[in-house]
Amino acid sequence: MSEQHRLAFNTHGRGSTEITADIAALVAQSALPCGLAHVFVRHTSCGLAITENADASVRRDLETLLQRWAPDGDPAYRHDLEGDDDMAAHARSLLTGCSLSVPFADGRLLLGTWQGIYLFEHRSHGHRREIVVTLNG
Amino acid sequence: MSEQHRLAFNTHGRGSTEITADIAALVAQSALPCGLAHVFVRHTSCGLAITENADASVRRDLETLLQRWAPDGDPAYRHDLEGDDDMAAHARSLLTGCSLSVPFADGRLLLGTWQGIYLFEHRSHGHRREIVVTLNG
Amino acid sequence: MSEQHRLAFNTHGRGSTEITADIAALVAQSALPCGLAHVFVRHTSCGLAITENADASVRRDLETLLQRWAPDGDPAYRHDLEGDDDMAAHARSLLTGCSLSVPFADGRLLLGTWQGIYLFEHRSHGHRREIVVTLNG
């Protein structure tokens, strides 16, 4: 059995937004006894990742590394229609991925103590980002 | 409920092949009302990724970055049995991953407008690549 | 229908542990005819990946690249509470991911001949790592 829900978030440029509570709320309302919560962004220039939820400097350091791995305005890029952050955002999206899934049981996500679910905006400016959450149980 | 299908694609060396229509066709034929389409390659030297489907230069630039992240014939590699592209292909596979999943409903994949599903060949030469598609609903 | 199982592994510092047989055993015991085996680590400083199971030098070379992509003790890191490997471990976790899923049918994982499922410890020292396995069918 599957349930599907649509969410949308307004981002404010590069950086990450915690969405754990939003996903947990859908799981809490579900009648499914156990299964998987799958989260999917319908875009190619943002991403989703699970990372440490205690010290915000972890996510700041991940931004530092993403900038190193996929530099803005790299002279090797051919795709630059929308500016220096355009191709870098697609490359960051490849590295973070655009979906993730988390097991749940008895109305609760089975995340570890230090795990949070984050929406990573990979573009310099904010965007409205659509998410599909599928609960499979 | 789950359905499984087997597909195979012949690649022609490094580069990406769009397989969105192949996955969409399986979803269109399914009686499942909604759920997830999971795509899995049975190999360790190719990968799957969702990326921009409009400008082919995005995928060319991703190849440029993959070559930078996992250079062919890097002197640090110990594993080179099958040539300079051998270990590089395994490393690219770690970065792209070998599976992905996309939500569907009412016989249609819920991809965003600019999202396409691509099979990435990470070896220099072409190979026959086997894929398992699982629809969970 | 979903089934869930809990596993735990003691790691011995940086490096990978094959857990294919542990996941295969759960699939073999399941009554589900076909579906997906989802494996999830409840931590942000280790990861899961499918890679080549024949030549151990592949996984040694992946360690070499992970060290290059996310160097220990990089001067750019702000997060270093637990030592030089702390932030590097979170960054490696972003690249490998903390979950994966493999199709199964008739009690067997549908892995390719050369694919193995590995738990990657990203910290320098060993840890007890908790895993949730969800079978969806």
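Labels for the chains are A, B and C, by order of writing; each one numbers its residues from 1.
Going forward, a contact is a pair of C-beta atoms (placed from the backbone, for glycine too) under 8 Å apart; a residue touches a chain by one contact, two chains touch by 3 or more.
Keep in mind that what you see is a predicted model, and the values were worked out from it rather than measured.
A rotation of 120° superposes the C-alpha trace of subunit A on that of subunit B, rounded to the nearest 5.
At the interface between subunit A and subunit C, two copies of one sequence, fewer than half of the residue numbers in use appear on both sides, so the contact is built from largely different positions.
Distance between subunit A and subunit C, defined via averaged C-alpha coordinates, is recorded as 20 Å.
Touching of two or more other chains is recorded for residues 69, 95, 97, 101, 136 of subunit B. Within the complex formed with subunit A, the subunit C residues making contact are 1-2, 4, 38, 40-45, 69-70, 76-79, 81, 87, 90-91, 93-95, 97-99, 101, 130, 132, 134, 136.
Across the interface of their complex, subunit C is touched by residues 32-36, 49-52, 55, 57-58, 60-62, 64-65, 68-69, 95-97, 100-103, 105, 110-115, 136-137 of subunit A.
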